[in-house]
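To start, the structure under review is shown below, and the notes come after it.
The letters A, B, C and D name the chains in turn, as written, and every chain counts its residues from 1.
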């Protein structure tokens, strides 16, 4: 039984970790960390957990936790994990960080996009970017995994095979992404009120969203060179789901057949990636509550572009589910252990 | 492994059966019945099932199915199950009917409220009303179970202990119920279009909803006499969930303590019934995707009434989940086998 | 041209006042009061007003405002209007208070239900309860009008004719009300976040909501005696709208014909009250954006109860629209001047 | 008083015409045409119109109507208007067609994208494309106006000034558009059911939506040459609103200042176009119920692209409101007569 500690268990991603881990046959949660609700019963914060979780929330004491847990998930704001992690902790336990602290290899890019000083750049080299379908082998041996962002997971997996196979011009990539509102977190902020979000759609952080360099770095590895792309997130009046509509110019000879072959070369054996049949395109509802990534595409022959679309549940494959997938890899379990969740519809 | 056939697998309740049974360790679906989608791939009808279900939809041949399945779920419109079931079928397989055909013992009441002739009244005596927490023992031995309605499950469980303990006046009961839109089914009807349901709430079938006699019959058993109540369903712009707000006059001596004791006497050991602590009232979101029934109450001392509130997921405890719970009982499994689903939030 | 000042113009009700008054041919807003946004442009707070309102928000200086405005709307939390109003102000301007400060005649009931001291009980006698269809004549001559609450407007108008005509037992009244989320205001509170409200329904303030005594007082006038009723509000995942489902025992001889006659006796000539034809019941969507009250009913012959249902837009007839209707009366305009808004659907 | 006939008055766009025209001081509806609801009361089809519209629905007899109406709006499926209009009708009345029949000048492109034969190509030359801010002068003298599509109105107005001023590369244009569900019409189709649309987002008609050639034709006029672009519509779980997120490569020297100057050169004096200040971007909620087009932009300096965003209410500026704006122009009224609708929020 893997003993799991969660720091930041009362955010939406933290709560989703709890939901998944409660149904995981090999894991046991030993620490419900929460800065805001110390000593309150977890089930008083999330009523769905009534009678399922009896524990109270505890302080975010990573030192003590490292002695009691085999793995620590940090589902906390940027900067916290980097300020807490140290050699001693990593010698005793594994850390899966759901924040952005260890996702970017270049500390300067981190500090520029996130606007804060990185407190533990010495671990950037060791940290493994936890996009399981791409970095599976490195994840198996890692002590510190940087769990990818929600938009980035969806965007990278949708574009990676195309970039890797040289089918598209890397400088032509535009990602128009749409997210449910749970991605904004559980903070009590006016823009996230029901009446402000409902019955509207908007773009935000245009030309400046922090997931941009993360996508660029990973696609850059596929391209074998650095690249810059345009990424535009939108807020959708729904709870869960990310749809990434990705545009790029096709290189010579790149047709539908080649595109499908590229996806299959990368993902044919992946349990969690569902390449949809021709004529079918992803919709977020078909992934809700599950760890699946649905991918489809259409060639726009008139303009020689591809429109490749990916869909995930932002809280599962975009956060907690992928974190558990990483845990499974790090502990030698079946990768989909506890994650064969059937999407909930409607 | 229990071989399961589903007649009506492409409605919302049928699809929820599929979702639950796919994750059930002791069941295997052998027949995806559907009148509308014969020979189409099930995963083309419900894209969430892509790569999880490879089967095609099949005709609704109950005779053949009775030879291939240990249990048949009928998630079909009123009248169909009664027109298909017969002695031969019941000698070979068990039937759990999610329609109303076998819920009411009195064929006249059925024909009056449903406006159709009952084709198999000879089985009304044998059929067991499948409200597990009330009729558990009878269900274990049953060949034919009438799975309760969604509104009725929520309403009966909320009121049963109060009626049984004589704490409320049975003639004073008013149930004001609210349901998500999946309860209206997947038929392509104008009133169920997104733009017609969204941003609105309405009552419907006022003083005439068919679940009324079902609630009255079951509460009548608890009261030891027949009773009539007012039941008003409402349509809420959400996918899932039923909230039943129940009003009744308190009898002499019925205070909060007595009410709580009555609930505990009935439900203290029930896995799926969560009696909320004082000060907490049910909200449908906390049950979504699960088989839980959340119950809470408040005494309105000024008017000497109780306001007792129940919440369920209409597709789970109100349909497919309870049907599987019945199956578990009928086959001697743990009652919550495959049903320890953690509610999905948000 | 009536010069209008609004104190609390940046709440949802205040903004709705602005929307309505901008389209009112006889009114001009001279003061956009707001405690939270002083010196910010109003159109930066509400982007829908861009290019329509150039003014900045101003402090809530009721003294100065009383010299510059012919009428002041106070759309503020309980207690504020009572703490500001005085003889001098009322000698210079008229006040329409959208809060609860002057709705209840009995200061003790106010202080008990609202839990605060009333700072100006000396005006309770003078204040007129601004339910236009009931108190029209008194409103015309008033200096200080207490604009009714949203739930109360809908509930009282639905039940008033029945109580007045003696058709129902006043002690049997139960009101099960449902409201859109704008009724909760624009405060940044966790329970009002999109993901907390969406896909759920709940009751709140059960047996203790502050609108209860307001309904009881007004229906008591109709009954000619005091009465106590059960009122249960619910939160619905939609922006606007209130539906009040009202239950009562019918007195002897009270049939559908008598009920319809009672409604017509009270409301036949009312522009804003639409008594729906037999077989039709209110839905909130048909009133959205308008000042209409839709009323319908059904007799539940089996239980000898009536189910009477009212629907309004909580921000219009339940707040800003009725406030403007009061203004029209107080200034001798046509009562529906600027209020012939056609409901927006879908 | 302009006598108005509406063919197709019971669709969503038709009903929005009714809403707007009822509040228009110079127009009177004399014909509520509807194929599906002949002889039914209009207010029975749309309950919001109860007591506002007493008329019954009438057959779609354009010949007779042309003698009784000064202008006919056709809010009907593609093909109908072209099959009905003729020289006689146009000699007696004006026609504003909300369908696509007369939007494209090239009949071959129409027949290719719409897949039907054009029944009246002889009027394509005469018909004026009714995008008021671009074709104002031609509209004034027109007998036959082709009212633009919803996506196209939003997309063209957002991009027109940039193309005209030569600030962007016309071959680089990508439009990622999002629409509320009322754009799908009131037909009872499974994909438009509440439970199918709610809690999801999807792209549809990728690389093949019929609004594409319409946008290309109009932007081609601005560019002075033909162009091809990528247009991707998405379905959003909300009733109203279109957001068009437009991407293009900036030409040399095109900076934020030049972009703003280009917008102001085209639209500075337009009542209905609101160019948002720097730092502010459109959201559909701020336009709901109004005829406004909100436009904002951001330069993505890293990739030398512009992200220009437009927002409208698809039923108003995207259909009925623009149709009335056209009517105002054709009859010599103030262009915003009856259209100074303040956006409804929340």
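The criterion applied here is as follows: a residue touches a chain if its C-beta (ideal position, glycine included) is under 8 Å from a C-beta of that chain, and two chains touch if they have at least 3 such contacts.
Values in this document were obtained by computation on a predicted structure and should not be read as measured data.
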Could you tell me which pair, A-D or A-C, is linked by more C-beta pairs in contact?
A-D
Look at all chain centres (mean of CA atoms) and spot the one farthest from the centre of subunit A.
C
Roughly how far is subunit A from subunit B, centre to centre by C-alpha average, rounded to an integer in Å?
37
Separation of subunit A from subunit C, taking each centre as the mean of its C-alpha atoms, in whole Å:
46
So what's the Cα centroid distance for subunit A and subunit D, whole Å?
39
Check each residue of subunit D and list the ones that touch at least two other chains.
12, 182, 195-196, 198-199, 237-240, 283, 285, 288, 346
Sort out for me which residues of subunit B touch subunit D in the complex.
12, 181-182, 186, 188-190, 192-199, 237-239
Residue set of subunit C touching subunit B in the complex reads 171, 174, 176, 178, 180, 195-196, 198-204, 206-207, 228-230, 232, 234, 236-241, 243, 245, 247, 281-285, 288, 298-303, 305, 307, 309, 346
Subunit B to subunit A touching residues, read off their complex
12, 15, 19, 22-23, 46-52, 182, 199, 239-240, 274, 276, 280, 283, 285-290, 294, 340-346
